[in-house]
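Next come the structures, one after another.
You will see subunit A twice below: alongside subunit B first, and alongside subunit C after that.
Entry: the complex of A and B
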């Protein structure tokens, strides 16, 4: 007779007593949750004992369970260490999930609209607990992921694991590489700062170089004639939906193929042309439960620990100033993994170098296993393939170097110096004036002439400077120039950099050195820094460079027979001088790391 | 009724098989002609392909940007007092995304409205006064004040907008189809119309 009108747990209690019924109930729950292992099976596995019943209960979760159905139930012991794969495939998958989770968390505080996005970034960095941390994790993870999947590809190439029967696995791998690259590219735009806007404008313009349909492709990608609200929304959709779907689908295909062929063994372990990966001898088997599973959990913890430590102490994702479609900053650069494209673009026609060249390169990568039909995976037998890969790696390094902003894009020295003093944070560097502490930006006017004098003569040099400007009328020109830049100064008198502003003094010395270094193009040049404050928490810094105009041709100075530059003189025979200036604002709460 | 149509379809199938066999007998290595069922499947598949193509075209049309007439709208009217001096540094009009430039070409005072976006990859070249030319900060393309290409990876000289100048004597001059700078010939300018909906691309580095 049942206790309740229907059979239930209470009948077991009545029959066997509460304790036994509870234990058997828990045992059954455990077996259902693990898809095949009861409590004793789990404890045996954790103790490192052999399974005590047949069939081996540690295989049932793989056979009956969803989560483990694709994971192999045993591995070859040779493939369980760091060598030969360096666990890079595992690490790549780790990053897929890591980025998905950190990205999902970031979605709580981000809206993909140009009017809101940047404000969201500031809020996330300043007002959201762990906001900066999660953002740093996501950004670091993205860069690490690109590096790791690239190294994974390299490793697979060097161990010849793309050869028969794994050609298609390699092919899906290249597709995953491309999807990873696009994920990185689309994510790059989302902060909507200057770095994001211009790096992506350049990249999207490459789409325009596609023959025939280029302009239409560019318009659809941007959703408008220039990168704006529509483009940001489309990039966001691609980044959070379209590309992750592709990533998951192809990761599934890729991993499935890896498992059904088995992890390819180190080349020395097999005879040439043989593939014995699936036939693992009994004495070489390491079972997933518990050994590989616990090992993976450990590696998961170690990797997460490393990423967290890096973000806490070393790495902080940059945020430059708000995107400005009307100003392209000097030194716009691609992220390091795209520098090779930027370098290639400097070589010539953008259709060839921006579209055709990368397409050929990626196409070549995809067909490598179909053109390399040699059976041996051993290094000694693959000298040609290895040499080709070294050449390609060297070319990547060279084009990446060429992609750096320092290479090939120099402008006039006055612009270079002004930029050097004021540029927004990029690649762990920032303009020299920006990290000077707010209280050391003492209001006043300072000149580089102070540092041209000998020790102790600074005050005299400054006075002489002031007098010189008055006599030659340059003082008037200077104040007019500043008025045109919306800075009206009732009087302008120069002073020495205060002794309690050592950082500012250091920057002024550097400014002086930079002008002196350009003694031909900035002939007899001087620099002035004027700091004003019209608002309690905001200071304005004007930087002015003034020099003697010389004869230039094609942007290069014309030298006379003595190798000296030729000064330009006006109708009265007096040397003409030129002025170049820039101003920035520094808020008391600005925090620039140098 | 049912048996009659069943017999009929059997006869059809039998006929089809016969036709297939005859065809097979005719050329031993040829693929047999499709049966009616097979053929209809192919037609059905083709209709799916057609629908897929139509949907794709529809999606692309859907995703195409909506233009409020060009990026910045239509025509900008420029007051002659905004112009730079002849041969002087060009003046920027950011709201229209163009530069007002007065290059002196072959001794002639001319005017041209240059599109501010570099013809290479979309950055905005700056006017560098010291070197008297436009220099693009991204990959180093350089252009003269007339928009003429000097050096760098850009594929052509700077684009320009179709411009109409009205002079004090009532005459008007419009840019020609190659977008050459308009000679001013000493006449007094009353107004300038720059049509940002009409962008002229140069044929090359000319």
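Entry: the complex of A and C
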């Protein structure tokens, strides 16, 4: 007769005593949780001992449990080192989950609308505890994931692991690479800042170049002729729904294939044409429980720690000014992993280099295992394939370099210099003038002529400059120019940069150096910086470059027989001078850092 | 078995490394948590600063033309860098001193009255208490506290006068020291930020009637060029002129142009055309007939010498005087269109208006609306004070407008 009217734990206590009943109960709970391992089994495993009972209880979690049924119960010892996998496949999977979790958190704080999105980013940064931290993690994870997935592909290629029977595994891997690229790219737009809008505008402009249906593709991608509300929503839906679904489905297929065929061994450990991955000799087995499992948990902790540490001290996701379709920043680039396409675009036809070329390249990658039918996975036998891969890698590096704004984009030197001095924080850089401490922005007018003079002659040079401007009527032109830019000055007299403003001095020196470096296109050029107080904690800085106009042809200076530029003269034979200017405002609390 | 290839061979070391890393991660997250408040505050500060910079740029490009480079105003728009906009009351400290003195005086007078009056209802302690209070005042202000207080009030008044006379330049430019708050002037119930932002959003369509041109709507929502975030930048920049309570007279005197108040400054500024017929009620019309008739005749004669500007008349009609508010709707007031024809063909045919010209009828109807109530409309519906508010030129402009816009709008149907 049971203690209670039904069989219960109390009967066990009555029968065996409390101590024994408790122990057996705990043992049973553990066995159910682990799908087959009792407390004793777990203790043995964690101590690194061999299992004390047969059949091996460490295999039942794989056989009976859900979570481990997709993991092999043992690995070949050849596969457990850094080489040959470099943990890249594992890391890719890690980032799939890492990005899903951080992205899910971010979704609580984000609305995909051009009116709200940027404000949401600001709110995340100034009013959501851990908002910046999670955003940094997500962004860093995204960039790392692209890199890791690409390296994973390279590794698989170099060890020949794409060969029979793993052709389809490779094929799904290339799809995962593409999906990862698109995930990163669609996420790029969401903050709706200048960086996002213009990087994506460049990327999306390639859609327009699709042959025959370019216009339709463009409309589908952007939801209209311009990137706007519809486009942002589409990118968002792709980023949080469509692409993640593809990613998870193909990750599943990919890993299933990996397990079905076994992890391919290092090429030198099996004979050519042989695939022994599924036949692991007893003495080469490393069991998942406990060795691989503890190793993976450890790597999980290490990787997470590294990411967290980077985001605490070294990396912050960029956020530039609000997206403005009317203002194109100088030196706009696609995200770094698409620079190779941007570079290729500079080679010529948009349709060919922007659409057909990448499509051929990715298509070629997908079918590599189906055209490379050579059985050997050893380096010595794959000279042709390896050579092709090196050529392609080199090409990627070169075209990526060509994608940078430094390459092949001609900007007038005066604009280049003005931008160099003033640009807003972008790509972790900032215009030279912005980080100058507020108290070193001493109100006054300064000229680069001060720095053209010999040491000790600076004061004379400044006076001479003032007199020259007065004499030639350029002073009047200068003040008129400033008035047109809404800066009316009662008087304009130049002074020496104060000695207690070393940073400002440094910027003026740089300014002088930059004008000198362009002494052909900016013939006899000078620069002026005028600092005025606008509000109590706000200063206005006007930068003016003035130079002698020269004859240009196709944007390049025409040189005479002595290699000198030819000045433009007006009807009276006097040289024509040109002025270019820009102004910025600096607030005391803006905290720009270089 | 040899597990060297696992990088960390011994299991306990793997567990140790993993646990350490996990704890280190937790410590780092804790570190983030500790610093989070400070970080968010500093981001907020930094972002506001950069927003002000962007606002300054927008202001220079879009607003400086009319509001002045330093926000001090010009003949085209009022100053924003302006104690009046920020509601700084220069007279407040003096006013509160005077108020305190007046309260003291009133208290003394009450005490004296009670002691001098019937004290039979008071106990001796109460009387002693009242005397002690009075003695305290005497101690504070001297033998004759009321006289002393009045002297001090006079001194404060003089101080106030001196301060006001120092503001004379500003007063000449439209500043009223007794109405120091722009928000009160316009009856705005919200914050100054919101006032600035909403003004930027929608502009001031009617300000064209008291400024050379109306302030346009700047928001894209209202058909303007700027996005919401840009308007917020601009607002931050304008609000950055605020100096809390640290406004000085120099700040006030630097202001080139103050805001105008439509209800007062919006109308014409010349001499009133016919103050004597202002505010005549329906009941008084009969016994004021003679005055009305004389005045209208005088005004009509004076109008002969003035040429009306129909465009200005239209601006006033639709703007500052807001005639169109009622006369745009035929069910509220006789409609604007066809006014002159209607006067000629219908109104003066009425026996009550025998001998009137249409022009005479219009002038009378504007200056003394109650003199004749158009059939079908209520009396007293129209303001009775145009005789006071309008000057001769304005009246001429209005008449010219009504004459020139006589034909019904052909597009109306």
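Everything below uses one rule, namely that the second predicted complex is superposed on the first by the 581 of 594 C-alpha atoms of A that agree within 3 Å, B and C clash if a C-alpha of one lies under 4 Å from a C-alpha of the other, contacts with A are read in each partner's own complex, and residues count from 1 in each chain.
FYI, a residue touches a chain if its C-beta (ideal position, glycine included) is under 8 Å from a C-beta of that chain, and two chains touch if they have at least 3 such contacts.
A quick note: this is a predicted structure, and the numbers were derived from the prediction, not measured.
J.: Taking the superposition on A as described, I'd like to know which of subunit B and subunit C A:206 touches: first, second, both or neither.
T.: So A:206 only meets subunit B here.
J.: Which partner does A:388 reach: the first (subunit B), the second (subunit C), both, or neither?
T.: Once the two structures are laid over each other on A, A:388 reaches no partner at all.
J.: Quick check on the superposed pair: does A:119 touch subunit B, subunit C, both, or neither? Answer first, second, both or neither.
T.: Once the two structures are laid over each other on A, A:119 reaches subunit C alone.
J.: Which of the two partners, first being subunit B and second being subunit C, lies in contact with A:345: first, second, both, or neither?
T.: The first partner, subunit B, only.
J.: Which partner chains sit in contact with A:224 here, subunit B, subunit C, both or neither? Use first/second/both/neither.
T.: Only subunit B is touched by A:224; subunit C is not.
J.: When the two structures are laid over each other on chain A, which of subunit B and subunit C touches more residues of subunit A?
T.: Touching more residues of subunit A than the other partner does is C.
J.: Classify the contacts of A:308 with the two partner chains as first (subunit B alone), second (subunit C alone), both, or neither.
T.: A:308: touches subunit C, not subunit B.
J.: Which residues form the common part of the subunit A surface touched by subunit B and by subunit C?
T.: Overlap of subunit B and subunit C footprints on subunit A: empty.
J.: Please output the residues of subunit B touching subunit A within their complex, sorted ascending.
T.: Result: residues 60, 63-65, 67, 70-71, 94, 120-126, 128-133, 135-140, 142, 150, 153, 155 of subunit B touch subunit A.
J.: Which part of subunit A faces subunit B closely enough to touch in the complex?
T.: My answer: residues 198, 201-202, 204-206, 208, 216, 219-220, 222-226, 230, 234, 326-332, 342, 345-351, 354, 408-412, 414-415, 552, 554-555, 578, 580.
J.: Considering only the defined contacts, which subunit C positions touch subunit A in the complex?
T.: Checking each residue of subunit C against subunit A gives 1-3, 5-8, 10-12, 14-15, 17-22, 24-25, 28-29, 31-33, 36-37, 39-50, 52-54, 56-57, 60-61, 64-65, 69-70, 81, 227-230, 237, 240-241, 243.
J.: Could you pull out which subunit A residues touch subunit C in their complex?
T.: 46-48, 77-78, 80-82, 115, 118-119, 122, 125-133, 283, 286, 290-291, 294-295, 297-298, 300-302, 304-305, 308-309, 312, 321-322, 324, 485-488, 534-538, 540, 583-591
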